[in-house]
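Chain IDs A, B and C follow the sequence of writing; residue 1 opens each chain.
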Amino acid sequence: MSIYHLDLMSALGINVLLALSVYCPMVTGQLSIGNAGFMAIGAYISAMLTVHLHIPLFPALIAAGVVAGFIGLLVGFPALRLKGLFLAMATLGFGEIVRNFFMNFLEPLTGGAYGFRGIGNDPISVFWIWGWVIFFLIFLHFLSRSRLGLAMLATHDDETVSELMGVNIVRLKIGAFGLGAFIAGVAGGLFAHYYLYIEPEFFNVWKSIYMVLFVIMGGMLTFWGGVMGAAIFTLLPEFTRILHDWRGAFFGLVIIVLMIIRPSGILTRDMFRWDYWRPSLKEAKP
Amino acid sequence: MSVTPILSLKDVDKNFGGLTAVDSLDLQVLPGQICGLIGPNGAGKTTVFNLITGVYPCDGGAVFLGDREITSAKPHRITRMGVARTFQTIRLFPNLTTWEHILVAQNFLTHAGNGRRILPDRQREKELKAEAQEILTLLDLWGDRQRKAVTLPYGSQRKVEIARALATRPKLLLLDEPAAGMNIRETEELLHIIAKIHAKKQGMAILVIDHDMDFVMKICEYIFVLNFGIRITEGTPEDIQQDEKVKEAYLGKEE
Amino acid sequence: MFLQQLFNGIMLGSTYALIAISFTLLMGVLNMLNFAIGELFMLGAVFGLTFVNFGMPFYVAFPLAMICTGCTCLIIERVSFRPLRNSPPSVPLLSTMGFSILIGSTAENIWGSERSQFPQWIEPVDFHIGPVLISSTELIILAAAVVIMIGLDLFIQRTRIGRGMRAVAENIDTASILGVDSNLIIPAAFFASGALAGASGILFGLSFSIVSPFMGMEPGIKGIAAMIVGGMGNIRGAIVGGMLIGIIEVLSVGYLGATAKDFAVYGALFLALVIRPQGILGMLQAERERI
């Protein structure tokens, strides 16, 4: 595989993780447009740990993820009181606050607005990234098939009724937020150690928005949706080379069209049930 | 020797802005009893359900489940203590199958559903799955279990709501207009089902709201009549049928 | 010094107020957040500059640019709103995000990624009002913003279309029973929203001597923030919110340094959402669950 393909696979892997990080709160009905903030936290903390404290990569990634996840839990509390657009705006504001924080503070450690250079000498291999991707995919696979996953989906569908069926939606929603933040934090750490350079501007609003778009495009109610959306976004530029600079505009157009013809996204949860693909069985009951 | 009622409302008030929805309401349901709550539109019946289940806070008075006060408890706690309900307008989970509806409602009965344990308790899971099958079979929904609940016909959807509520192992089942929108055949079927449930789960009390007087008279042992948030009378179906105040409430005063 | 900063804050605040009104108009009438308004803001300035460069006088170029952005917003109505009326609200929002990307990328390709500015249009004369230094350009810009705001407020309160908008905002079904033609009102609201966003972009471009395809993102977000802080769906709230955000931004740059400005603004947004989500002038709609 050429360097170019490896780069592409690495970018894809990180985008998949970012999509999964948005999926977690989304499946409990919370739209978060601020996960770039958690990514930034993960990136900067892991970089500071490996560069300044010479901590090996694996523990640094875990620590970065845990810190991001913890902050996610903290943000999850006030988030409970906000619905829909308000929550989206609050998370957007959070992402911007984090970006600004790294732009203005900790400069001697992180280079501030000028960026953090020299995060290690060699980029991590693409296997590192995909190891984490596979881990989280397996984790989410078991989670979505479990009772907990079902409770999350029920919460997404109708929070009030779920609560009236005995589901502890507070714990579920905050937990989902924290989990998403953890995944984003790990993604940030991997990003930092692959590209060996980060600056606050990388983690801006657009990054957060694109993450959300992966999930929306690919399918909101199954974690494979985020995978598909990330794949489309990362790989599509390769297939639309002829468009040159118009690829961005094309992407915008794709979203607009998709929202009209298939707003729930490409993949749906039903597709993963064995009886979806056999129409004769759908009308079983006389 | 008197039995502690499974549900008692003592002097309960609820106001919305300047509007009094419920006024000094006293109400009691004995364990295993099927009671009805009737009254004209806007009398406050659904509000009472919302007060019992903790969706609205009470402005005054107290609500007891057995001898435990649940007046200011949160909805999911109240459900876990043994109160379950259905809704006036059907509220199913659009993305879940019939079977999954039952599973979700059972979640708090397992610890895995809570997130308290990671790995499920095999034995308990077996019991719960068997119980889920039993409930669905009782309500004649077993064949539809893999279908998305919102794709089922209207009458079946109402049954799914009831099945979901039963899955929480309630001591008190609140049915809000279970026969709404049903034709005569479906209403008959519903009557049979409620009777079956009552026979099967003898310790469980049921409180039914409905507009259909016939329906309520046939199924309930005891009836409370509400108007403008006040209990205007109570009694057995025979008593109620002859009560002037009830006729007045529904039909208006004779001019 | 403080008064000067305050004045500058009001200048900035009035452009934010106009964008906030753009957002809040659609939010109030249709409960829809049009994410593309930031890019329409940018288009206003970009179209304005293009028309000026074609030789049109300012007083033709600017209204024409506003009409163009208004029409662009009508396209958004046709594509992101009308077919998606019965979808959950996140769907039109995402569609407008798509538009935002589309418009931004297209503008970048057509106009290039360099920053430009409007040419000199009048001789700047500096006034002193007390300790505050104001240039004639700033005065005209401020006057234009104020005129637009007052005009819009009157329009909404006094004209038939304005009243129609308020009726639709209240309850779309009741409004149609009362004879309000929503097929007229809704596109009107979109057009007005787009035109306002364009106007705001032109005034901003004039004030701060900048016209670039990237200029829309930040004011767009701040416009949303201003709308929320002031109270959603409420035009006067948008004005208050816009002014407040503008003043906060300028004062924080003045007293805390340039890097602190976004902190202050987003911190204010965060606080507003946590403490009083309905905003300063907003009324908390009964978000009570109907069961």
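Just so we're on the same page, a residue touches a chain if its C-beta (ideal position, glycine included) is under 8 Å from a C-beta of that chain, and two chains touch if they have at least 3 such contacts.
Small disclaimer: the values here were computed from a predicted structure and weren't measured.
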Key: Per-chain CA centroid nearest to the all-protein CA mean   = A
Most remote chain, CA-based centroid, reference being chain B = C
Query = For chain A and chain C, what's the span in angstrom between their mean Cα positions?
reply = 30
Ask   = Taking each chain's centre as the mean of its CA atoms, how far is chain A from chain B in angstrom?
value = 41
Note = Rounded to the nearest Å, the gap between Cα centres of chain B and chain C is 49
Junction residues of chain A - those touching two or more other chains = 160
Ask   = Taking each residue of chain C in turn, which ones touch at least two of the other chains?
value = 289, 291
Inquiry  = I need the residues of chain B touching at least two other chains; which ones are they?
reply    = 55, 87, 91
Request  = Spell out the residues on chain A that touch chain B in their complex, using ranges where they run on.
outcome  = 146-148, 150-151, 153-154, 156-158, 160-169, 171-172, 175, 221, 269-270, 273, 275, 282, 284-285
Query = For the complex, which residues does chain C have touching chain A?
reply = 33, 79-80, 83-84, 87, 89-95, 97-106, 108-109, 217, 221, 224-225, 228, 259-260, 262-263, 266-267, 269-270, 273-274, 277, 287, 289, 291
Key: Interfacial residue positions of chain A with respect to chain C in the complex   = 31, 78, 81-86, 89-90, 92-94, 96-97, 99-101, 103-104, 113, 160, 205-206, 209, 212-213, 216, 245-246, 248-249, 251-256, 258-260, 263
Request  = Report the residues of chain B in contact with chain A in the complex, numbered from low to high.
outcome  = 53, 55, 74-76, 79-80, 84-85, 87, 91, 93-96, 100, 103-110, 112-115, 120, 143-144, 146-148, 164-165, 168
